[in-house]
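Next come two complexes built around chain A: one with chain B, the other with chain C.
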Partner chain A sequence: MNQHDVIIVGGGHNGLTCAAYLARAGKKVLVLERRERIGGAAFSEEVFPGFRFSVFSYVVSLLRPEIIRELELPRHGLQILPLESTLTPLANDDRLVQWSDHDQNRAELARHSPRDAEAYDEFGLLLHRMARAVKPLLSVAPPDPASLDPRELFDMLRVGRHFRDLPPKDLHALWKLLTMSAADYLDEWFESEALKGTKAASGIIGTMLGPRSPGTAYVLLHHYMGELDGVFRAWGFAKGGNGSVSAAIAAAAQAHGVEIRTQASVSRILVKGGRASGVVLENGDELHASTIVSGADPRRTFLGLVRAENLPADFVAAIQRYKFRGASAKVNLALGELPRFTCMPEPGPHMRGAISISPSVDYLERAYDEAKYGEFSKRPYMDIVIPSMLDPSMAPPGKHVMSIFVQYAPYHLTGGWTDARREEFGDTVVNTLAEYAPNLKNAILHRQVVTPADIERVLGLSEGNIFQGELSLQQMFFLRPAPAWARYRTPIHGLFQCGSGTHPGGGVMGASGRNAAMEILGVRA
Partner chain B sequence: MSDVVVIGTGADELVAARALQQAGHGVTVLQEHASAERLEGWAPSKIGALEAKRPDPWLRTHDGFQLFADMKRSVESVRRLSARDAERWPVFCERMAKLGALLEGIYLEAPPTLIDLRFALKVRRLGRRGMEDLMRVLPMPAAELLDEWFESDVLKGALGALAVRDVQQGPRSAGTAFRLLHRHVGSPSGVFRQPVVDVAPLRAGLTIRESKVARIDVHGGAVTGVSLAGGETLPAALVVAGANPARVLGQLVEPGWLDPDLLRAVRNIRARGVAAKARLQLERAADWQTLTLAGSLDDVERAYDAVKYGRVSDRPIVDARADGAAVDVHFQFVPHTAADTADIQARLMKILQPHLPPIRNITVQAPVDLERVYGWPQGQPHHAELSLDQALWMRPLPELSGYKTPISGLWLCGPAMHPGAGVIGAAGHNCASAILRAA
Partner chain C sequence: MLKTTPLHERTAALCVSHAWRRWAGHVVASSYELTHEREYHVIRVAAGLLDVSPLYKYLIRGRDAGRLLDLVVTRNVMRAAVGQVLYTPWCDHAGKVIDDGTVARLDEQLFRMTSAEPSLRWLQDNAIGMQVEITDVSDATAALSLQGPMSWSILQSMGAPSLKYFRITSATLRGIPVTISRTGYTGDLGFEVWVDAAQALPLWDALIDAGRGYGIMPTGLLALDIARIEAGLMLIDVDYVPARKVLIESQLSSPFELDLAWTVNLDKERFIGRQALADEKARGPQWLFVGVEVDWSSLERLYQEVGLATRVPAAAWRMSVPIYAKGEQVGYATSGAWSPLLKKYIALAHLQAPWAKPGTQLEMEITVEHRRKRAAITVVKKPFFDPPRKRA
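Coming up: the complex of A and B.
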């Protein structure tokens, strides 16, 4: 008799979400986390005395509202503080600020281009309509279009009908988003370089693609799906750091009876007669359950935890060619004082929003060019927030923490990532930013640099990809992570996947975990 | 007395004119620009008996690597680069041929719609592997597809160069694998390049007048004829235009007749020329028929990098075809704004001269020249770049993909229409079929 019905490998936000839903349906669930803390990439810690950081993942936008609602996350401590502006500093001390206030935003855009100010509302409406068209697909298990199974055919027809019911105009607009580059797409709407650069930047986040590469327009939409509705980019910041998101989900899971063990590293998934039967821990302990769910990425799960002989060769080949190519890094700074951006030196509400170093599409594209050939960007794209402005508990009084998301830092750096290269990269980031805020260098008390190699080492995300695999068209929906196995199932009976390497992918959405739970429970979305 | 005016003398326009004439219409064709006598492309037998020259080997690179129509010879040739690649080459070719055959079927008819049950069934008939290949391959970067299969830089670079021909994208850009397939359509398995076709015979039996069009006359939402630059008016119930949609709908038709949203979309059709052309006369025949100088995938990608910032590539892709002592050269990447042919010629000579006997003369055409001479918008021979967002049901715009325009009696038949350049006369054939069906 097994002690648990389900064992979940990995205590990231998707594993925890999956666990919570399964336990809510009455299953006895055990979550095993390799590290000493839960949360995966969504965790916060006091890296330097008095300074708390969301070390990796740092904002919330895509977390599915049904998960917040169904798991009652606010009751378990989740509180989201909205980011209300995005400042893009430009050369010559100019700037572009996008405000959540409509009139203020329009006036600022008109200063750069009256035409863009006109087009902006219509663009926003279109993207929200597109996001609404795509959202229902986020919470379904992708059917297998090549299967003749009546259930798959039925689900395929349902997806087909969903698209057929869209007005043709929207359907074609969606196709354009799926196949165009962010740069080309934005060129159809806007002329201001600063606006196009900042918008295009959300199309490249987490991807080893430049803004002129087809496919990036869709990632732009992905970042428009934020549910903190109606606001530009609609991103927020979890009080206490992104670890609070994981902590709230874990609390909900535990309230439903989930058992969570940390420092319990799974070394192998046991398979007997084609069925998953349990896991072996690194210390040799064996734990048994009839259902095993892996929150680890596809490479770690199928090329690491499961023996190749238990899988069909075609499937192994598909997982081997599944692309990761991490491209993003983080630089976390503890600051003695706020940075003063020469374009907006006085402290003001803009410091409570995001700051984007993305003056033009060409700027981003050049940053990508270097990464394409194995170098980190000499003048990188940065997405910056100062969490201590929204949540003073993150830093000692009068002091601040700054979180800098940086691209591109290719996992496959020529010569590899070493301590020296990491620091050199940190210097590049600080030097680039100091061009816009000269007091920055002297304000830095501590610095933490996290490269894709660090992300892989610490979190176990292959090649440091923050989405557990690139969100490119050939790795999406019923192709994620492999054709015929996009339904959270695997060729091994009783073994499931729930990480963001499955549909719909990364971004602290929780959808993969929830969808996997529904699939395991046999509940139709 | 003509009731149909066809604008343009490209292969598409001529094919459309012939089909309409055959169906009993009186057709006048207006020649606005010079038209190429030879085109690279697949000439489907359904469209006409045209002579196609297929060089064999169909690919030859700088260091003598060659690919042939004969699979065995190709495998032997690939084996000299890599034994592993030689094993994989026939399998790759077979898988791609299956996808090519699917495209072949949908290229000779109006494009399927995005939610098209008939198309969905066709796709299903590919079987599981074929379907998976189709879904994965179409949106992929050519570089990723080639890296998955092969290790040889020479092989991958040459195929990558073919995939990005005439599009402002590099082999690492998503969707370029589709373009490799496009160039495979109509060719035998293992050949990823189309033959050169003599299109001059298409003119036979047609009434062709040389004249520029000043305006397409519209009355009450329907065409009434065409006004020529000289002031003359040709009345017509049907006007079939092969010029690019931006010119036809944005310039030749008075703006009042069209929805501003459609006009904006028409103006947004991407058509950027990226290549210069050169024609060389040699003292004697070259010792090759075809020569592709591309280097590795990284080299091709770097060649593309330059054009993103408006520069001519330092190490461009040079693709030459020799017919006796005459050589046609394709030189990519050149931004559509570059007009300095002397500079292009100097760069070309540096690369090509080592492979050539003495040259008698050379003429170079930058994209701006190609626009002036052939009417290609910004020098783009496809009139609308052939990328996934402007292909099939999206070509050139979803609203125009049926060859019909919102103006009654005005049709589009040029390379901007499905399936685009590279399938000789197919857009014209599909357009004429649509017109005759509508009648």
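Coming up: the complex of A and C.
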């Protein structure tokens, strides 16, 4: 007799989400987490006394609102605070701020380009329509167009009908979005360098691609997805940091009877006669269940936890080709006072939004150039938030925490990541930012630098890729993580995947975890 | 001319949006910033500072002060301890609600009552033969509401004594004499600070200064409206018609019909409306005031049919919206909002008793692209949001 129906390997937010949904449907679920804490990349820690950080993952991008509702996450402490604006500081003490208020935004854009100010709404409207066109793909298991499985054919039909109903001009626009680079696409719309740079930046996050690499335009869409769920300004910050997202999902899962064990590292998934039958822990314990779900990334799951002899050779080859190439790093700062950006020195609402170091497309592309040849960017792109401005409990009164997402910091750094290179990189980040906010250096009380190598070492994410594999078009939808195995199933009967390495992947969305649970339960999404 | 509150000098300077709302003959900020969104979140994550001075306030003093209030309101005032605050409705002789507010026992023989409507005449008329002095201190007393999880940290940093839920105390904040009650209209941890109108501006400045490190923000009524709906708290003239403004009988509401059965203390020998309320209790109320949640997928479908992304109201609404069961109208919603916290479209509604049980599936009218549609809704328990910190 198995004590559990389902064992989930990995207590990241997707594993926990999957567990909660399975338990809600009556399954007995055990979650095994290697680390001493749950949450995977989504956790908060008091790194420096009195200062709480979302050490790794730092914003809530597109956490599915149905998950928030269905698992009653607010009851378990989840609150998402909107990031309201994006400030792009520029040379000569100028700046571009994108505000959530329409009139304020238009006036600011017009200062840079009256044409862009007019184009902005039209651009937004088009992307809204595109997002609507793509959205049905996000909440379902992606059908494989080559499959003959009647269920997949039905889904394909549904998706096909959906695309058939799109007006031709939307279909054409969608095709462009799927194939173009962010830079080229934005060139068709805007002339202001600061606006194009900042918008293009959202197309490269987490990916070893530059704004001029084809396929990056598609990611622009993601910023408009949230609107469709009534989650206006979907990009937000979780009260208490991203650890609160995991904690709320875990609490919901436990309320449904899920058992969570930490410091329980799985070394192997047991397979008997082509069927998953259990797991072996590092301490030698064997645990059995008829369904095993892996929240680990595809490489760790199929080239680590499962023996290659249990898998078809072409599948193993596909997983070996699946690209990770972590490209981003984090610098977390504890600050004694707010940074004073010379372009907007007084504290104000602009400090409650994102701050983007992306003055132009060229700036980003140059940052990428260095990374292509194994160096970190000398003048990197940064996406900065000051969570304590939104949630004062993150830092002592009057003091602040600053989270800096940095790109590019290639996993494959020439000479490798060492402690010295990490600090050198940290200095580069602080020096670059201090050009815009000169008081920064003196305000720093504590600095934490997290490189892709650290991400891999601490979280077990291969090559430090924050999305469990690059979000590039050849690895998305029915190709994620491998052709013919995108519906959370694997070549091993009873073994499923629920991590960000499956469709739709990426960010703190929870969609992979929920979709996987639906697939396991045989529920049509 | 509309009146301004004692805090107007500060609030007007901060009101970037130029959006004002009338409240009891005063103007008060609807939102300070261009949109009210951040002000809403501040209530739930930090501390919002609201000017609630337009409330009507009365001091009731004297040997019979407790007896008068006990006669007027439905709750037991005689049993209230010094330092206790009661939320309570009060009724006419037919047991229909006239108003709702708070009664605070400041001392053995001294109370402060707050109300939404002027109440001096009603108090005086019922005090005949009693040894009691009733003073309208509405203009003389300013009130600031500090609401949100950081509200206590701010007051504590200013040396305020700790306070239990629905208790009141006198205190001195940076040299300013005040009374502080742990009350509010948000369903969150929160306090209301009562101060002599002449000291209102220095108190505002002191709170803003002390609150700076705790994320304090001036907050307007649009944000408050969402918070109070999440808290399941009704609003006079919106969710019920006070008995004195009623033109036809069906507009009247009893406390039972407003989900205030818990405030009706029939153990009291005598209070206005007692007999009618005792009869109604025996009969069972015809209507109930409940929370409803709109089913998201149902709403989504209605918008999908016309090719639009689902829309939710940007601000709380206040109107009467029909609710149906199997095609028959069985009630109406009076307040609704998209809860940014719960990611749910919620509403407060009056339903005929047989349809008011939690879990009941009904339909609510939704206008989609100019056409009246019906979305599935579920009756749920109020409050929609009830954080432990509220009482902790």
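Throughout what follows, the second predicted complex is superposed on the first by the 516 of 525 C-alpha atoms of A that agree within 3 Å, B and C clash if a C-alpha of one lies under 4 Å from a C-alpha of the other, contacts with A are read in each partner's own complex, and residues count from 1 in each chain.
Here is the rule we use: contacts are C-beta pairs under 8 Å (C-beta built on N, C-alpha and C of every residue); 3 or more make two chains touch, one makes a residue touch a chain.
Everything numeric in this text was worked out from a predicted model, so none of it was measured.
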item: Clash or fit, chain B versus chain C on superposed chain A; value: fit
item: Contacts of A:Arg352 with chain B and chain C, given as first, second, both or neither; value: second
item: Which superposed partner A:Pro214 touches (first chain B, second chain C, both, neither); value: first
item: Partner chain in contact with A:Glu84 - chain B first, chain C second, else both or neither; value: second
item: Partner chain(s) touched by A:Gly398 [first = chain B, second = chain C, both, neither]; value: second
item: Touching partner for A:Arg132 - first (chain B), second (chain C), both, neither; value: second
item: C-alpha centroid angle, chain C to chain B via chain A, nearest 10°; value: 130
item: Touching partner for A:His172 - first (chain B), second (chain C), both, neither; value: first
item: Lowest C-alpha to C-alpha distance for chain C against chain B (Å); value: 20
item: Chain A-facing residues of chain B, complex; value: 114-115, 120, 124, 127-128, 131-132, 135-137, 139-141, 144, 148, 169, 172-175, 268, 270, 298, 301-302, 305, 308-309, 387-389, 393-394, 398
item: Complex contact set, residues of chain C against chain A; value: 33-35, 37-38, 41, 44-46, 149-150, 153, 157, 212-215, 296, 309-312, 338, 340-345, 385
item: Interface residues, chain A side, partner chain B - complex; value: 145-146, 160, 163-164, 168-169, 171-172, 175-176, 178-181, 184, 187-188, 209, 212-215, 321, 323, 362, 365, 369, 372-373, 472-474, 478-479, 483-484
item: Contact set on chain A toward chain C in their complex; value: 65-66, 68-69, 74, 79, 81-82, 84, 100-101, 103-104, 128, 132, 227-231, 233, 239, 349, 352, 389-393, 396-399
